[in-house]
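Common to both upcoming complexes is subunit A, partnered first by subunit B, then by subunit C.
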Partner chain A sequence: MLKNNKNLTEQCADLASGKETSVSLTMKALDKAEEYSYLNAFVVLDREKSLDQAVASDKRRANGNCLSPIDGVPIAVKDNYLTKDYPTTACSGALPLEPSGQDATIIANLREAGVVIFGKTNMDEWAFSPTNVNSNIGPVLNPHNTNHVTGGSSGGSAAAIASGIVSAGLGSDTGGSIRMPAAACGIYGFKPSYGRASRHGVLPLSWSLDAPGPLASSLKDIELLLPYFLGEDSKDLSTVSSAKFEVVEHNEAINVIHLTGEGLERSDEIDTAVKRALEASSAVVKEAGLSHVDNYYEAWEAIIFSEAASYHQPLLKKNPGGFSSGLRAKLEAGSQLSALDVLQAQRLRSQLMHTFACELGDWDIIVTPTLPVTAPTLNEEEQEFGGKKVHAHKSMLWFCVLGNMTGYPCVTIPIGLSKSGLPIGMMLMGKPNEDEKLLAIAIKLESALKKHSV
Partner chain B sequence: MSDKEVNVPLTVEQKQEIVDILERIRAGLNIPLDSQFEEPAHIFNPGVFNAKK
Partner chain C sequence: MLKNNKNLTEQCADLASGKETSVSLTMKALDKAEEYSYLNAFVVLDREKSLDQAVASDKRRANGNCLSPIDGVPIAVKDNYLTKDYPTTACSGALPLEPSGQDATIIANLREAGVVIFGKTNMDEWAFSPTNVNSNIGPVLNPHNTNHVTGGSSGGSAAAIASGIVSAGLGSDTGGSIRMPAAACGIYGFKPSYGRASRHGVLPLSWSLDAPGPLASSLKDIELLLPYFLGEDSKDLSTVSSAKFEVVEHNEAINVIHLTGEGLERSDEIDTAVKRALEASSAVVKEAGLSHVDNYYEAWEAIIFSEAASYHQPLLKKNPGGFSSGLRAKLEAGSQLSALDVLQAQRLRSQLMHTFACELGDWDIIVTPTLPVTAPTLNEEEQEFGGKKVHAHKSMLWFCVLGNMTGYPCVTIPIGLSKSGLPIGMMLMGKPNEDEKLLAIAIKLESALKKHSV
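== the complex of A and B ==
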């Protein structure tokens, strides 16, 4: 984070001790939102609605009816989560600006916990881009350097947290849309295993890749939030086997596979930062490569393009002008992929999952940088790293798509700043449905890093 | 919003972008599958191989 702002865990402690009230926290957040309005992090922010929720929370607390440890904390919501009291636009010109009248399951869970739904955050149009430059209200600017992108598509939530407006926010992740902006803004982001978090009421981009999750100011914040994300929801059948979140500890040695080699290139600066972080941890680290890994990017594209084209077909026919030129081209391309193209992509996806599960040896976590190079500038079309010139979109997605292709849980943690002052993130990937263990390992590993840096 | 379909022709740039996307994806999909590879269930389940391991 840019400044010494309080994280969610600290804010909860301040509320519990009476040092802060929900109204005082919300007022501070509103003031900071005004101070940082140039970042363009919010689509909509309603002072009255936020304060009404805060007043209600303070009354509950005063009466001894506090709903949860996070009761009264303001949290920002990506604008693809349905919210009954705010419009949901997905930052697209194709949707009407009206409150949807219903809450996504995760929003309903957070309301039951007493959270102040603070506002809706800027995102890439329909979540279909990794930079947060392509939004109908304009790009989000990176709080670390406003000439650079935040990463997307949950860039508004990331910028709101990194600038200290709020301590936590909601995102969704189809190819890295939680992890990329979290890494680029120097905060934490968690993509749950596919099928652990309900997608009900989160506008889809690609239903077999999408995973809603939290962005926050610390790993302990993530631990506080995951109970409201994970668990079975009868409105999303992919969650039928999803257990409720329970805190676990990891006291054994940590076996890490650090993925390197062809197709997994990164800049020297990023490589050094990740290697230093792994050396500082107490983990047992083994390096391994993956055959054809760069081609799995196109398999991911075939899946996301075809599923997005299928979902958007009715709206695209009725209101093609409601989509930006670039997104319309992507959706038209997706509709022209053949059944054989999509099936081949799904078979490659299965092969990748098999490789991860059975061919890399024993591992607790797989580690890569979150991004192979620091965030591009707003106008940068190509980035250079590891002897390659890569389109800026592909470079953002470089490692992150592996988490969506496999459906494995992933977390990004900040591990320092580049020479130019931009954040560097490290991605940890866990085994499917072992989200709790992944978080426990991340906490242990980060604790070792902090001790080392002291 | 009306249910009527609206015909807005694609621009030359959009048509070229579509061609580029399709060429890129199809080139990327052209990688070998393990001949011994056993297809999992068609419903996406990230834990399928761990259960079998």
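== the complex of A and C ==
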């Protein structure tokens, strides 16, 4: 499906060459949004607001005042980013339906670059689910097969990109919420290192795990977008300063650790796809296991449940009816945890970081499948793979949580389709704060992969 | 008392000029330790081990193989640093009395520099008290007045320095455990930024607050010692990389925020001493208040109690009798806290950091007294100052916890004696990871102060 759509890089070139205008791109996006409205990708989409921004962009370009290479491109925004002109509901009934009047730092950055903020996308209620079935406006459907989920919680952005409505979108990732829908929809998703992307104005789910990032149609698109995400922000004290964003071509050999074994199972067809992709690349691949994977998953749960419960306590007291019963139960479970549960979880987290940093030997990237199995159907409660039966939520999160527990940067790239026609993604994890190097390696690895397929 | 003793910088000069040898310095230290044994500053002190190291140092120096400027100086070590040749008891009955066979990273650094590791110093049991009364070998007595406490938990190192046994020592600081005894004993203490000093091999009390650092007889001594404390350590993942340690003379004006007001009270005589010191300096001083100070103190308590309970759980189950009943009660209280208590505390912590970083305007250093009142007597349960009656533990921690809650670097310098002859300290807090600049400012400020007194 993607083959017929232009990616962000191509759209920018078309704008630069005059082949397209921001208005023509935005009109096409509006038409496609109508064509694919059955996917339920958008919470709100305003024709007039979008076209107003496009007209302004075209005027700038005509006057030689183009703000950036991405000036005029329509980009979809997950509904947990504050946007001054749209309400921000997090697909929950608990928040007011008036526009906040405020922009998240990343939104402000993109507006300064001239981007057309093209509507707000569907997501799991407060980002606290991995399927995008749990939204107060109903599930998002997978463009590859509408019986299947997109994965969540950034499912609306992923579906809008995979269906070609827009070439890129914004997501946030606490346990895989960018990478899971990107993989399930056959597109690209990047979770920055914890502390490199500003979270100011992005509604929190679990503040020690959350990372906002882009979903897009190519790695070059990600490279174009990341500068607007990364950078120290005095409004988010967790952000760190770093050198100017620059992706330098990676010419050295790539040392890959491919994580396998107990607790890291995947379906045969996904295993084959990842192994083929790694073989096709010129990388030096070493397989390694990881002990206590289940403990790490439980630690991640303790952290996200307790931090979400802590954050939501005031609003939950004030407006309990604004939350779904499912989410209320999760928040209640979080508030029942003890200090020792949470601190034990944090210690396991340090242990996992130590393992990755010191015990796996030399590596440039750590690779796993993004999902251990293709996306479940909308009603599927349990998935079977690698000799295990796993709740569909846990199977989605299977590998991705490792990225949030460590805070390391991760990118998912599509590596093919299953026999049933559903996308398969491969996840690459880089060293902390080396987001640029991770992207450079992903670009090199994918280009080797593409040569091999030709 | 200090006037008669040489500081570390002078001792190094004497070694370099041949006026002293490591053996002569170590012999003097051993003699003084005997003279002042009633202070109860040492847990263990081994004449032979100390002299062996001194002999080796003198041999190196004679052969022109001196390892560093501090080669041969005897330095006292708080009993929560692992040392391969001494047991490490943390002044608790719960740990084995055999040497661990391991050196903390900082100890290893100092050994490589040729320092004489001169015995292990008394401390509060597991570092979990601010007076150094709660040790399994009994309290340390204040060299200025033996009816008074030294402050804790690094009281043994402080007393050993203030009495002139050694010129410098090692401490650790979770709520002020370096700064409180340094101030109460009239010497200098430096708590590095969280993450700049390696904690590998320093027994933890509360891992998100702990910082190891030096106590010494002058700011130049601190400058000599800090390089052995600071630096990224692969064995402590909380450490960050930074430029080579270098203190550059501070020639610009110094912008000071002097914290005062509700929750930040101090006795009149201490208030006068701090104000005089600030007036004598050439600094530009602005007074500012801080709201919710009591909340921050309670948040600090929730963090230290819960983290200590989490860390000690296994040993407490195995060997409950090894802990004092007082410490057992504290650990029990910590294990009763809920996840929400701890997370709320962490959010208050972020709020405090935000206040310091963004709401106080421009500043180079934040100044408070180190203690709001001079050191209590050994039996004093409550202290009165600024119209308040406060538990003596809380009064010790009054200002110091702000340094641990934010993780900012802090230094305490002596600024005179009270009418009763007890030392008064002033605390300077710098910007995160700008430990060098803080020290440079402290040096400049103190030199202005000294000129003024002359």
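One rule holds in what follows: the second predicted complex is superposed on the first by the 448 of 454 C-alpha atoms of A that agree within 3 Å, B and C clash if a C-alpha of one lies under 4 Å from a C-alpha of the other, contacts with A are read in each partner's own complex, and residues count from 1 in each chain.
To be clear about the criterion, contacts are C-beta pairs under 8 Å (C-beta built on N, C-alpha and C of every residue); 3 or more make two chains touch, one makes a residue touch a chain.
This is a predicted model, so every value here is computed, not measured.
Asker: Touching A:Ser447 in the superposition: subunit B (first), subunit C (second), both, neither?
Answerer: Once the two structures are laid over each other on A, A:Ser447 reaches no partner at all.
Asker: According to the stated criteria, A:Gln313 is in contact with first (subunit B), second (subunit C), both, or neither; which is it?
Answerer: second
Asker: Count the residues of subunit A touched by subunit B and by subunit C, then name the partner with the higher count.
Answerer: The partner making contact with more of subunit A's residues is B.
Asker: Counting only touches as set out at the top, which of subunit B and subunit C does A:Asn295 meet: first, second, both, neither?
Answerer: It touches subunit B, and subunit C stays clear.
Asker: Would you check which partner chain A:Ser234 touches, where first means subunit B only, second means subunit C only, and both and neither mean what they say?
Answerer: It touches subunit C, and subunit B stays clear.
Asker: Is A:Asn65 in contact with subunit B, with subunit C, with both, or with neither (first, second, both, neither)?
Answerer: neither
Asker: Which partner chains sit in contact with A:Leu337 here, subunit B, subunit C, both or neither? Use first/second/both/neither.
Answerer: both
Asker: Kindly classify A:Met353 by the partners it touches after superposition: subunit B alone (first), subunit C alone (second), both, or neither?
Answerer: both
Asker: Which residues would you name on subunit A as touching subunit B in one complex and subunit C in the other?
Answerer: Touching subunit B in the first complex and subunit C in the second, residues 302, 337, 341, 344, 347, 350, 353-354, 357-358 of subunit A appear in both lists.
Asker: Which bits of subunit C are touching subunit A when the two form their complex?
Answerer: Subunit C reaches subunit A through residues 234, 237, 302, 306-307, 309-310, 313, 334-335, 337-344, 347, 350, 353-354, 357-358.
Asker: Can you name the residues of subunit B that touch subunit A in the complex?
Answerer: 1-6, 8, 10-11, 13-14, 17-18, 21-22, 24-34, 37, 39-40, 42, 44-50, 53
Asker: Please output the residues of subunit A touching subunit B within their complex, sorted ascending.
Answerer: 96, 193-195, 208, 238, 292, 295, 297-299, 301-302, 305, 317-321, 325-326, 328-330, 332-333, 336-337, 341, 344-348, 350-351, 353-354, 356-358, 406-408, 431-433
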